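Once you've had a glance at the structure underneath, I'll fire off some questions.
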């Protein structure tokens, strides 16, 4: 897939975005990194967007592996779009790209000086919003076990395998009904939206939203037929029109900023 | 982030001074002094001092040609959040560790990858892996080159299977010399007839892609509709391949209700004398009435154990679902040790160890060589000296006093065992984020005369938790028993970390 | 109020122990009114106790005797008590005393966990009080329909006072596997429970779709905070009309017993069944 090069696209692709000054060329802060023309030592001047584990690196020297055909000069300050690569006594990151400081997009400039972890979380929400089929605001009115699974269990009470393979990674699907107040993206017919989600606390599913009746907020919905992973151990009948698999797929009403900013809604 | 000069680190020297004090008390209780050269280290590197992930379900592989090169894995997210999951890498025999992102994953994954195991080939030139891909859950077979370890290449991918367990080797001589042979045990729900135990193998995995993998269905008997997740292959340098698994014959209870019990399972060992090319049918039971004439020796028949969806307080927050491990003597492929778990009175899972000296045809018994109650995560290895090692994790105590105790049991002959307690940590804290809490397995290997192992446990920096000493790379205050962030001052909550040891 | 409290207390001792009377008309702490019913008692064996009182084994505490018979110094008795005062020491009110030699409680093994034993007694009490006891699975949890349910105020308008103690009623649809006591109206039942985390509802069980357990159910009584007239919903979670006409509720955490029987619920069922047969 061709790589998008605009700053917004880069901020989506890169998890660790920072403003930094090149200190050394052909150098590294870790002995485990093979040094060549693409390895540079950069001082992190300001962390703009970062996962929690990398949010405290301001003021530190780290190793950056530049992409092919990208060069920097000693003393140059740039915004680096990177992903983590090596973590030891120091850190080495793989740069997706870098831009002059003056060229960073307005949104990223606004984020500058803010909480970098929150900035990344907002980016994740933006990505989910972008890929969503439908976004609604509303309230969960019920959560049920898919009806065909209920029937299968009732029939197979004596046979634990009647409802499908027994695996510690079984998603344990549930279907939530959302009473829709407003549709913010896409189109949805009717006042009820059914969304399937994995109830399992297993490592493969623990991060997915777990809905409960009474929950109110924004629901970022993807068609269940489009999400390949939703087919895993899926019910055959009561499948739900949508599926929620990502922690960012639900945003409560009382979350400050967040999706309201993304959707351009008033506070 | 503190510099190398100023970071605080508990060294083996300090640990030794504490160890000698502790060891004297330990000796009175029957534990042993740590042997010379013993190393136990928390694998989280200094730059990740602030991490609080539940890094459970660890696995390990040591480069047989260069034991200084070691790769460890666990449910660890890429700290940088990119589209590759991490491995833990040491190039100095485990004395220091870094985290390197090379496993195909999905950006922002909270776990890095689903189930993962890796194995070096015999020459140490390649690292193979089996994973359940984060995001899709697909079973994928991977490969990368050592020592550069670029991002791993996906050699094969398919859905609907569970718990890949990887063993790789290289044919040393004779036909196929130099070919990498890779064996990945898994529970393949797509297998016909509910005989799901499978060894996916490639007899020449070092070339290509494409790399051909074939599925060998090692379960030959009727099941309840499936087998358990554990299929453990191991291959000797002379081409003798073994695999061990549970064959599920009867169930009761409800998996969603967390009450499922496998009421009858066979502990089965299969064998192939030609690198797996024969389909693992060389170890057959005698015909009726002594056996059933089918491939696969039922070492123990009709065992029972819970297969939990979620861990509970009674099980130290760790889900229990059986445990199996098999090891072959490096100098004699006829000698095989087997460990498995089953439910016994007063014990949610008891680990048993037995031995065969005739290539799996007959086994020691009726008694065990070793029995450990309320334990799981059994991992066996045999050193070149013939010494047998068993790593396992045991729950002791109840309520607030409940603890996970990690043992390394060693024996020169399988009869007299010496226990080395690696860690004794609280079982009720931290509260689990997901299942599994410490892991559905850990791992032990032997290279030469040494054992190398990995387990996951509560990472509170308290010397009392590590009676034979410990080294931390991440910032930690052993006086206040507090983890510290990279700034060496902000406290960090306790979590589950992977620990490496060698002895 | 006092009579009703005494009546309730008489039925539910929370701290049962075997002890030896050491002093009469004395107390172990200041602030306790001392009279002919006040005694200092050494706790010899704890039979049932809440976690906070298990540490008093071997200690002297103050007991306000029930006053139903005379007590002598050095007499060993089994005391059925409730907590009264907690300061430097502990003072408890005895609901009744019985001879240690003839008491069944005294025959229990000292090694038995008194906290666990008390919990089991509580479960037994809930079983006896239940209208219906079943095993089964929650197949759906929903918001009750009804104008008195707070929450969706924009559409429905506000009904009733806004209070932090609002119970946030939910309805769980329970598919029955096995009936252990009583006679359910159908194989699917509606069970109401408060989803609120407010102090007023603390300890009430929270039910979730997919949950499997033993359920000790109590028929609902008229309650102004409860929504009325919840009708069967159309859609995937089908329920029969007759089952929903009579609903049940859960307010006590002990009313839901997990299937893996950590609390020995099967033993309680068997004892109850044997008692019933006698």
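What to note about this one:
Order as written gives the chain letters A, B and C; numbering starts at 1 within each chain.
In this text, contacts are C-beta pairs under 8 Å (C-beta built on N, C-alpha and C of every residue); 3 or more make two chains touch, one makes a residue touch a chain.
This is a predicted model, so every value here is computed, not measured.
If the chains shown are joined wherever they touch, the resulting network links each chain directly to all the rest. Innermost chain of the displayed assembly, by C-alpha centre distance to the whole-protein C-alpha centre, is B.
The highest number of C-beta contact pairs joins the chains A-B.
Look at where the CA atoms of subunit A average out and do the same for subunit C: the two points lie 44 Å apart.
One inter-chain figure worth recording: subunit A and subunit B are separated by 30 Å, centre to centre, where each centre is the mean of the chain's CA atoms.
Residues of subunit B found to touch two or more other chains are 253-254, 256.
For subunit A, the set of residues that touch two or more other chains comprises 153, 172. Counting partner chains per residue, subunit C has residues 137, 210 touching two or more of them. Here subunit A touches subunit B in the complex through residues 13-16, 30, 32, 34, 51-54, 56-57, 60, 82-91, 93-94, 120, 124, 153, 159-161, 165-170, 172, 200-204, 206-207, 228-229, 232, 247, going by the rule given at the top. Across the complex, subunit C is touched by residues 139, 141-147, 150, 153-154, 157, 172, 174-175, 177, 179, 181, 199, 212-214, 216, 238 of subunit A. For subunit B in complex with subunit C, the residues that touch the partner chain are 253-254, 256-259, 312, 314.
Of all the residues in subunit C, the ones that touch subunit A in their complex are 137-143, 151-152, 154-155, 168, 170, 173, 175, 177, 195, 208-210, 233, 235-238. Every residue of subunit C that touches subunit B in the complex is listed here, in rising order: 137, 210-213, 258-260, 262.
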